[in-house]
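What follows is a single structure, and I will ask about it in a moment.
Order as written gives the chain letters A, B, C and D; numbering starts at 1 within each chain.
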Amino acid sequence: QDGKIRVAGIYTVPVEQQWVSRIHKALNAAQERGDIEYVYSENVSNTDYERVMREYAEQGMDLVVGEAFSVERAARKVAAEYPDTAFLMGSSFPAQEPNLAVFDNYIHEPAYLTGMIAGEATESNVIGMVGGFAIPEVNRLMHAFMAGATEVNPEVRFLVSFINSWYDPPKAKEAAFAMVDRGADILYAERFGVADAARERGIKAIGNVIDTSGDYPGTILASAIWHMEPTIDKAIEAVKNDTFAAEDYGQYSYMSHGGGSLVADEELAPEGAVEAAKAKQEEILSGAFEVEVDDTEPKSTM
Amino acid sequence: MIRFEPRPERNRLLRVAAPIGAAAAALVLAAIPLAFAGAPVLRAYALMFSGAFGSVFALTETLTRATPLILTGLAAVVAFRAKLWNIGLEGQLYAGALAAVAVGSGAIMAPAGVMVPLVLIAGFAAGALLMLGPALLKLKFGADEVVTTLLLNFVVILFVQMMLEGPLQDPMSMGWPQSAPVVDEAVLPPLVERMRLHSGLLVGLVAAAVVHVLFRHTVWGYEMRAVGENASAARYAGIPVSGTLVRVALISGGLAGLAGVGEVAGLKGYLTADLSPGFGYAGIVVAMLAALSPLGAVLAAVFVAAVFVGADSMSRAIGVSSYLADLVVALSLLCVLVGGFVTRYRIRRVTRHHATAGRERA
Amino acid sequence: MTHGTAAEPAAGEAVLSLRGITKRFGSLVANEAVDLDVRRGEVVALLGENGAGKTTLMNILFGHYVADEGDVLVAGEGGDLQELDAGSPRAALAAGIGMVHQHFTLAENLSGFENIILGTQGLLDLSVSRRGARRKLEALMREAGLDVALDRQVSRLSVGEKQRIEILKALYRDARILVMDEPTAVLTPQEVERLFETLRRLTSGGLSVIFIAHKLSEVLAIADRIVVLRGGRKVGETARSVADRRLIAEMMVGRHVPTTRREPGRRGGVLLELRDVSSGEPSDRGALTEVSLAVAAGEIIGIAGVSGNGQSRLSALVAGLARPRGGVLRLFGSEVSHHDPRRFAAAGVARIPEDRHHDGIIGGMTVAENVVVEEIRAKDYSRWGFLRKKAIRSRAEAAIRGYDVRCQGPDAPARQLSGGNMQKLILARVLDRAPRLVLANQPTRGLDVGAQSEVHRRLLEARARGAGVLLISEDLDELLSLSDRVAVMHGGRLSEAIETERVGRTTLGLMMAGHGREEAA
Amino acid sequence: MEILEILISANFWAAAIRIATPLIFGVLGALVCERAGVLNLGIEGIFVAGAMAGWLAVYLGLPLWAGVAIAAIVGGAFGLIHAGLTVPLGLSQHVSGIGVTMLATSLSYFVYRTALPNVSSPPRIVPFQPVDVPVLSDIPFLGPVLFSQTPLTWLAFAMVLVVAWLLYRTPLGLALRAVGDNPASVDAQGMSVTSLRIGAVVAGSALMGIGGAFLTMSAFDAFFFGMVNGRGWICIALTVFASWRPGKALLGAILFGAFDAFQVRLQTVIGSALPSQIFLMLPYVLSILALVLVARRADYPRALLQPWFQGQR
């Protein structure tokens, strides 16, 4: 071995999906640095997930990264059977001894901050939110966003709808249009397609997980960005040093570890809004303020 | 000019040679994208074979994937024989799975000897009931069952999601839309230690035998065939056409429901809305590849599963895009389809002997 | 059309010549070294039993099939015979050959007009040129005396009208050689007479016709020359003027064909009684209005009438497929409460359907399975829901032997049987159970003389045994020779049944056209 | 009442037509195939292939309309595979169709991934823009509904007219309708059943390809895996609903589009009261009900699914 560790990614969706793209990006970066050798399987159906895990484990991968969300049981079983392989899995459940560590997209903090900016920015006091599926990973960010907006603007109302697909931008766009027709002047863009609707109707949008402001100049007010690098790099280091353990890596998605960040467009945002958010960010970083994690399905408030 | 003629009798050599030829043709075709992706073609073939059959693990994985296909394939065989175009196998599979977790994840407690039959029956009944709707709409209103069953697939999956976020959600799932696991007593026992292969396979094999006997040896099967071959002659002869179609619908939907039971109670343990990667649609393919023969459906299911599992494993071993596996499955499917044609028809170049050349004329 | 009037072959010259045609289907030889010449303005009748190879030969001529050996030569512009491209209906059409197929080749979702002009125009033309076509067609209809509702969708036409569309289709393309494969099988006697008049007019204008039919009376009425096929070979050829009816029949079948004769019978109690029965929506064509009828044991009641006047409905009632809207239907003395085909069959009604392909035979199932289809739930053939295959097989073997069904055996798919053998199979299925009442709807349609006489013999046998027979037919010869009494169906009403001896063909014909009996007589 | 407000708003109907556009292409395509007697279950995959190919062509620098043409050609090519298997060889139309769906889908994904191995977010193109027709767009209500759509929507409307004219006014249409009802009728009139059917399937599939391209070149500006999301299957259902008539196909597609547009709006009106899935079910349930209301057995192309061999019976 040339000192590189071998890492495999197993994703249930294509690597363009926002969530997975963050993991993929961090692993590609590690590969480029020369730290790891990285292979992946995308769009693995959950029937096949266990087999793919086993195949990678059998191939002698040092670290397997993936999402266990709808295959918890299988993932945990495989991990237990291959104690020499490190597994780092997206999961809402605790880690499992000795070799399954978990992470999740805990970027509710920046989502809260984007909510504050949106709450200031809205003039109609109606914010539209389009989601893929109502799962905890989505719900918690929406709730945090709503909490942030409500904090600065108690008048604000939310429209929420789900399109039941990770990948149907035309449909997401239509759902967003429907909200604009109902008076929304800010759109929370959980899915691809929503920001497009905002741009076409000349209103503003809030980004999520990835930074798309380059694609929609003049449209994205602020985004809550997820960075998987701290999580991935920690795991790689642990594997390298043989100290990988059944830990919860979720904390590395928090702002304090650089796992989440706020990007805001000061030109677009109303005066003072970004400053207020930045101030809140300091409170969060210092531990003075904690954003609540709420995984239930968000509902319209109109 | 070229014409196709049916072969007077099936050529035995061809019946063996055609599938092999078809497989070979599929492999040759698959070489194009393989080479395109820069993979070593010959090694890829070897890896594909060993990925499907090369170890106990590979073999059990192939059979595991074949299990739901056998059942949805049989469901299609039963329906299509009676010319009831049930395209809603996917929805019926989910209905079966939903019933299995509704009954099997704690609502009822009983020993395994009771629980296992119970979830099987519940799943069968749910699938059957779901197919009853389209059958009745067809009989009462003439609503085309292709449309109703196809659209119901979407409705059922949404319904499953609703249940998984509502009454059937596992309280321990941390908010994830999934059901509570089926209790240990309701689990279809595994067949090979440490492997995923479960006794759903036995359910599939028994079902194949039952359907075979049904069509070959029973009055019901006879009536189903008669209605499928010529419904108006069957009606004239006094066969209850509507009743037969309802029976077909129930059995077909029920078999697809059983596939869903196998996937939750045998394989996964709990239900999520992405349980099936299209087993319902693949069942149609399996049935037609098997020329609507129930026992053939078993072979066809294993074939389809093996190609997928083998190609998928190969794509991972040599590091090409995993979409290649689906591509190889599609190519194999089309090649096998053509292969079946070759056993049934021969190609004739039409050249004629002229009368003047063929016979002495005065 | 490329065929001008320039140098048409003169009358008496050959316009078509088939030379040494051989066609095999697997091991079966459908045509063997058949030679056939057709001269200008002549009607050649092609005869032969079912399966003799008549249709096959014509299909080769028209390019549906390609002969294994032999040539098809057609007179070209200058009158000289030229070889025709094999296997191309397009070439045949271009050479002036028109074909009226044995089974309709009509698109039912189009109008008759559209079916006729189908393919007569460049496919890439931007619009259908209707006006010119319409004018030509109307002239043609007048000239030929063929009258049809051109704009009605074909699915709503009667078989007779469909047949006329088929003929117009051929004539519209200026056919010089017209092949007619059993065009009369579904026509009424009046329609046949009109068709023949048309043909006579057209042949005097130079049209040559190959005419296939199973009724010798028709053949003798129209043909100039008669050619007989048997087992794919040409076994005889004679001018009509010297033709002998009995001899031709024997030439076709290869054996003596007994003529059926109805012996005086003994009339028993009434088995089937309809009193003022109405059925079907009154607005529908073919609905029944207040029909009364009684069929007694030991008699044959014939129902005459042009198809579409309610016969199908009557037959459906007696078969247990339909229920009366008003009136009383009594079977074997008691009023029927459950209109269910299976119960009717079990109670002793033998039902021979009008359309054997559609309602009679399940083509994809075996001969044996077809034999027992009505009784499959009886305990003779199944027990606890399982089939008793041995019993089914031995019943089938007996049926095949007893009714001389020509097939490869009980396990052969029924689809492969010829029309005549399908009919024998149905007879075996229904008559072998010693039924008390026989419903026979067009039982000899399309059958050859041998098969016809076989069906007639069986019906008379049933009568002799004491069964009552309800015979629905468009064939007046058949009705008059078999029935004890005849009733006429018109516009959904049924006339009183009259002793056969007291009605003649003309009276019946007029009654079928809607005249009352007094008027007609 | 807010529901009424939704139904009379121009934006709602504009959305219905946008959602309907790919379906219009798809239903017309399926209709042309089925009129000729061939069921084309390849539609779901052909949508994917059209979406991918059209988009990729434009991404690689071709003009938008060239992308549309390429989507049509790619659709037609997959149609040719399906036709080749089902028409001259008479193979199972179900299996071949599903096989073509699998082939077209996996090939599109494979090509996309191989061509763009390292994208994290799907690259964009400049798609068709809604064109405001000077005077017409200003008509109240109708203006925004009909005349602020992209050119592909207009093309869809035009195709309805073209297909209707073709089917009912031209000799080719006559032959097509005949061949799907009784191939022998066409054969007996000296035309080639095989060429007619192959031609119809290829042309129909080309329309499906354009339907796919609408998704990536008009409704959106990038290609995503899985973005077709069952739209092809919906078209198969709508074809039956439309009784194989172009006018009714348009109606059916717009009706489905309206159900869908209504559903997302309803979610925002009473979304808090019911699970979101109830709304998402709406288009499918309403379509089934609509079918039950219009169902008539009669109009089926009688030769659908039936292979035809010359010289055989």
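General observations
By definition in this document, a contact is a pair of C-beta atoms (placed from the backbone, for glycine too) under 8 Å apart; a residue touches a chain by one contact, two chains touch by 3 or more.
This is a predicted model, so every value here is computed, not measured.
Across the assembly, the mean Cα position most removed from that of chain C is the one of A. In this assembly, the C-alpha centroid of chain A lies 34 Å from the C-alpha centroid of chain D. Centre-to-centre spacing of chain A and chain C amounts to 75 Å, using the average Cα coordinate of each chain. The distance from the centre of chain B to the centre of chain D, each centre being the mean of the chain's C-alpha atoms, comes to 27 Å. Chain C and chain D have Cα centroids separated by 45 Å. Across the assembly, chain A contributes residues 43, 134, 164, 297 that each touch 2 or more other chains. Counting partners per residue, chain B has 3, 158, 161, 165, 323 as the residues that reach two or more other chains.
The set of chain C residues that touch two or more partner chains comprises 66, 87. Chain pairs recorded as touching, per the definition above, are A-B, A-D, B-C, B-D, C-D.
Put simply, chain C touches chain B in their complex at residues 19-21, 26-27, 33, 66-71, 86-87, 319-321, 340-345, 351, 353, 358-365, 369, 373-374, 376-377, 382, 385-387, 389. Interface of chain D with chain B (complex): residues 81, 85, 88-92, 94-96, 98-100, 102-103, 105-107, 109-110, 113-114, 230, 233-234, 236-237, 240-241, 275, 277-278, 280-281, 284-285, 287-288, 291-292, 295-297, 309-312.
Listed in rising order, the residues of chain C touching chain D in the complex are 59, 62, 64-66, 87-90, 92-94, 99, 101, 103, 105-110, 114-115, 117-128, 155, 169.
Listed in rising order, the residues of chain A touching chain B in the complex are 12, 39, 41-48, 50-52, 54-56, 58-59, 69-71, 73-74, 81, 92-93, 133-136, 139, 164, 295-297. Against chain D, in their complex, chain A makes its touches with residues 13-16, 18, 21, 24-25, 28, 43, 128, 134, 159-171, 173-175, 177-179, 181-182, 192-193, 196, 210, 212, 215, 297, 299-302.
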